[in-house]
Amino acid sequence: MKKIRVTIWNEFVHELAEEKIRKVYPDGIHGAIAAQLSAQPDFEIRTATMDMPEHGLTDEVLDNTDVLIWWSHKKNGEVSDEIAQKVKNRVLDGMGFIPLHSAHLCKPFTLLMGTVCRSKWRENDEKERLWVIEPSHPIAEGLPEYIELPQEETYGERFEIPAPDELVFMSWFSGGEVFRSGCCWKRGLGKVFYFRPGHEEYPTYYREDITRILTNAVRWAAPLAFTHPTLGYYPALEAIADKFEGQDDAARMHQNLY
Amino acid sequence: MKKIRVTIWNEFVHELAEEKIRKVYPDGIHGAIAAQLSAQPDFEIRTATMDMPEHGLTDEVLDNTDVLIWWSHKKNGEVSDEIAQKVKNRVLDGMGFIPLHSAHLCKPFTLLMGTVCRSKWRENDEKERLWVIEPSHPIAEGLPEYIELPQEETYGERFEIPAPDELVFMSWFSGGEVFRSGCCWKRGLGKVFYFRPGHEEYPTYYREDITRILTNAVRWAAPLAFTHPTLGYYPALEAIADKFEGQDDAARMHQNLY
Amino acid sequence: MKKIRVTIWNEFVHELAEEKIRKVYPDGIHGAIAAQLSAQPDFEIRTATMDMPEHGLTDEVLDNTDVLIWWSHKKNGEVSDEIAQKVKNRVLDGMGFIPLHSAHLCKPFTLLMGTVCRSKWRENDEKERLWVIEPSHPIAEGLPEYIELPQEETYGERFEIPAPDELVFMSWFSGGEVFRSGCCWKRGLGKVFYFRPGHEEYPTYYREDITRILTNAVRWAAPLAFTHPTLGYYPALEAIADKFEGQDDAARMHQNLY
Amino acid sequence: MKKIRVTIWNEFVHELAEEKIRKVYPDGIHGAIAAQLSAQPDFEIRTATMDMPEHGLTDEVLDNTDVLIWWSHKKNGEVSDEIAQKVKNRVLDGMGFIPLHSAHLCKPFTLLMGTVCRSKWRENDEKERLWVIEPSHPIAEGLPEYIELPQEETYGERFEIPAPDELVFMSWFSGGEVFRSGCCWKRGLGKVFYFRPGHEEYPTYYREDITRILTNAVRWAAPLAFTHPTLGYYPALEAIADKFEGQDDAARMHQNLY
């Protein structure tokens, strides 16, 4: 069985600095997500945190990651520009990328979006209802028509993102806001899914329904066997036709795959 | 000044049948909207109602309508199939179409969408906040970042529509629902804008902000000077090139316009 | 293994009426596609043709079809309105639908699109190059960056369709036209993939690359385990919350699935 | 009359370095476009070139630019990062941006797209046909169904861009390629239109039809009277409601506009 290699990255700051949050996530947010996703036999999971050398995202790790899940908040601005650029490039080359919650302001996401990605926010223990807008989307598979989170941080529109290719979830907050909470984009050869819930003070990532969403998202974002298109100088029709002379279709089809 | 010819269509049933609603809209919903929009010097406005011959939508009227605003509810199922088809065809040929509120279930809209277009609903005097999702969209011009309607009928997702080409407004309801309340689509050569607010019991269509939205929507939906594409049998490159021999670009550019 | 139940529908007229075409497709276009797709162990394939009672699309057949592939041309106008409506409804309820080539004018497709779906065309033995626009789309998996069909019928834009949710393939024709040849839409709970190639005079459907596309498209279009959203009257937040009292998340999650 | 302030930026290198190109554009590409657009009485036009201090894009210039047209090629990599970032930020704040031809690789465009934006290319004097895909789009207003450029540089897909919000033009090249040649995106509060034609060796920018497209694009991209959304910390419903107490709708509507 070909496994999907998932790397779960966490800045891992709140959990170390604040007793209240450590109680919720004693193994870190990355640890909680890893424990949930490890139930999938076809997922091969590793974690990485910001304090590791190269933030734990060495070339070796990135080259062997199919899908990168990313949680960050306080240290969004302190992630190395070089690493952020590497993550962006790896997405453009096919890696799936799933920024969570306050990672809407992380460097790799804003680099990929081309916008600032700010929103409204407040910490007010409000209720969130996450409505499924596209029930037939693979990321919504097996979900009820909405999920209710009794307490979450509130985010509100205007969310400064490019219009998503697909809008899967939309949130309602008891305080009066709405938010595009589950958004899909293609960027280069990679797929990006932003998912809103997951404030560090609440046990959101232990929920079965949230785990289902992350599991679905990993499968959706994992790279397929795609062809790298030729880029740059390209000769005309006849020259190209020659290139394949004497080859049958099957040979052509398999010569340039990922 | 070239005027935009706006026809405001209303089934005009609630206002005649119920004293309570007649008090809100003594001239009908169509009359209220007409009065509001008539402040625009470049709009030429007429109204039509379901009880008129051919529902007031004769060929003569449709051929001379640039944008059709449509309010309906109780009689959605009783609109003539022939008239519904004519409206659809006229949209495909360039007429703008703005179904309001419960007209999400009217025949021309569902014919144009290809889906059933149902949603959740309840009449519960809830508060609605209409959030602007795309502040730079022409239909959002001059609006604040949200509009609050103190009492409205509640609609909720899943709204059975094709993903809109552009999502301009999203509603929050105090009872727990969200809704894609301002949606743009192109269909054929015509533009469609669905706008949610406007339950018959509330004076929604007298509001300055709502009027602003409808005014913007009329301008956005009005047909431009487009070319009708050639359809059906079409000869190859050289034959076509001959067709324009000896003509300069300007002649070509103007020979096939709307 | 849960199988994907594929029904391949063909009007089956050209192959019976014309010796030249019968030579290309002695078992009909449906037979050729069925033979190609039958290599997939998880596909359960049946075929149906227009001359069968109810066009071979009885309730029993439709209820047991996950993905419907549809080839038609000469008889587009003679398909029963009732059957066309049933097919549309089944798509809205989750069935995948893959109209091929001249089926862009078949009734179920135009009903689902809401537009007339005409295009330019000519039969001129021109070369077609089918370019992959989105290499990371599941329907493009395993393909080279373009496919060349040495002779095909030419179609040209303007193709009267709603802007596709995803544009996967774009065709170039030697005579001077371009065409959006591989288009994805969601409609209701179902997925639609229009695919252009496959004129009856050419052995297009025997090709390995075309078979790969149809195989990918079937997997993409097959319905997932989605939830049917509640539609119509819907009580407010508190009432709904009661409904699930005492149930855990898992129970809620699984109670309303397809 | 409120004028649209257009700045036409050109790297202005080919025209100075090569006699052959200077003959085509003796006043520079920027000069040619400026001359064409100056026929519009509501356009206020200035030009800027790379050799000017701050590339001619000082804060004063950018702050007083509604729409920035940008031609570049050889010096794409040498544009100052600081200026590129300023241009990007100004777009996010509402300025329209129209990169032309080889400016698909300019820094501000790739920063806004989040992708590398490469494509295939060759200089082979091939014929280009620019097909109108969306005849009712404002940028296609007044155009025939296609435009033929007898000789142009060839570009080919895969074009590494995010799927455009709207695809207006698609090119056919005689050598066998297709290209998404007219693409619209919203980024932040600004609008971006990429337009492919305009190789420096051909008199493309003197054509009436190309001028029509650029004129339409300027009008489409010009910022409207939008509201800057509140971003960052945001108090809850009741607190916000207080803010407007005693104000009527009109006051609210006009207090936060561009």
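Labels for the chains are A, B, C and D, by order of writing; each one numbers its residues from 1.
In this text, a contact is a pair of C-beta atoms (placed from the backbone, for glycine too) under 8 Å apart; a residue touches a chain by one contact, two chains touch by 3 or more.
None of these values were measured; they are calculated from a predicted model.
**Student:** Going through A-C, A-B or A-D one by one, find the pair whose contacts repeat those of C-D for over half of the pairs by residue number.
**Tutor:** Matching pair: A-B.
**Student:** Determine, using the mean of C-alpha atoms as each chain's centre, which chain is farthest from chain D.
**Tutor:** Relative to chain D, the chain whose C-alpha centre sits farthest away is C.
**Student:** On a C-alpha centroid basis, what's the spacing between chain B and chain D, in Å?
**Tutor:** Distance between chain centres: 30 Å.
**Student:** Roughly how far is chain A from chain B, centre to centre by C-alpha average, rounded to an integer in Å?
**Tutor:** 37
**Student:** How many angstrom lie between the CA centroids of chain B and chain C, rounded to a whole number?
**Tutor:** Averaging C-alpha atoms per chain gives centres 30 Å apart.
**Student:** Do you know which chain D residues sit against two or more other chains?
**Tutor:** As it turns out, chain D has residues touching two or more other chains at 132, 134-135, 145, 156-158, 163, 165-166, 176-177, 186, 188, 229-230.
**Student:** Provide the residue numbers of chain B that touch chain C in the complex, in ascending order.
**Tutor:** The contact residues of chain B facing chain C are 88, 92, 111-116, 118-122, 124, 126, 154, 156-158, 160, 162-163, 165, 175-177, 185-188, 229-237, 240.
**Student:** Inside the complex, what are the residues of chain A that reach chain B?
**Tutor:** 129, 131-135, 145, 156-158, 163, 166-167, 170-173, 176-178, 180
**Student:** Which residues of chain C touch chain A in their complex?
**Tutor:** Where chain C meets chain A, its residues are 94, 132, 134-138, 140-145, 148, 165-166, 186, 188-191, 207-209, 212, 223-230, 241, 249-250, 252-257.
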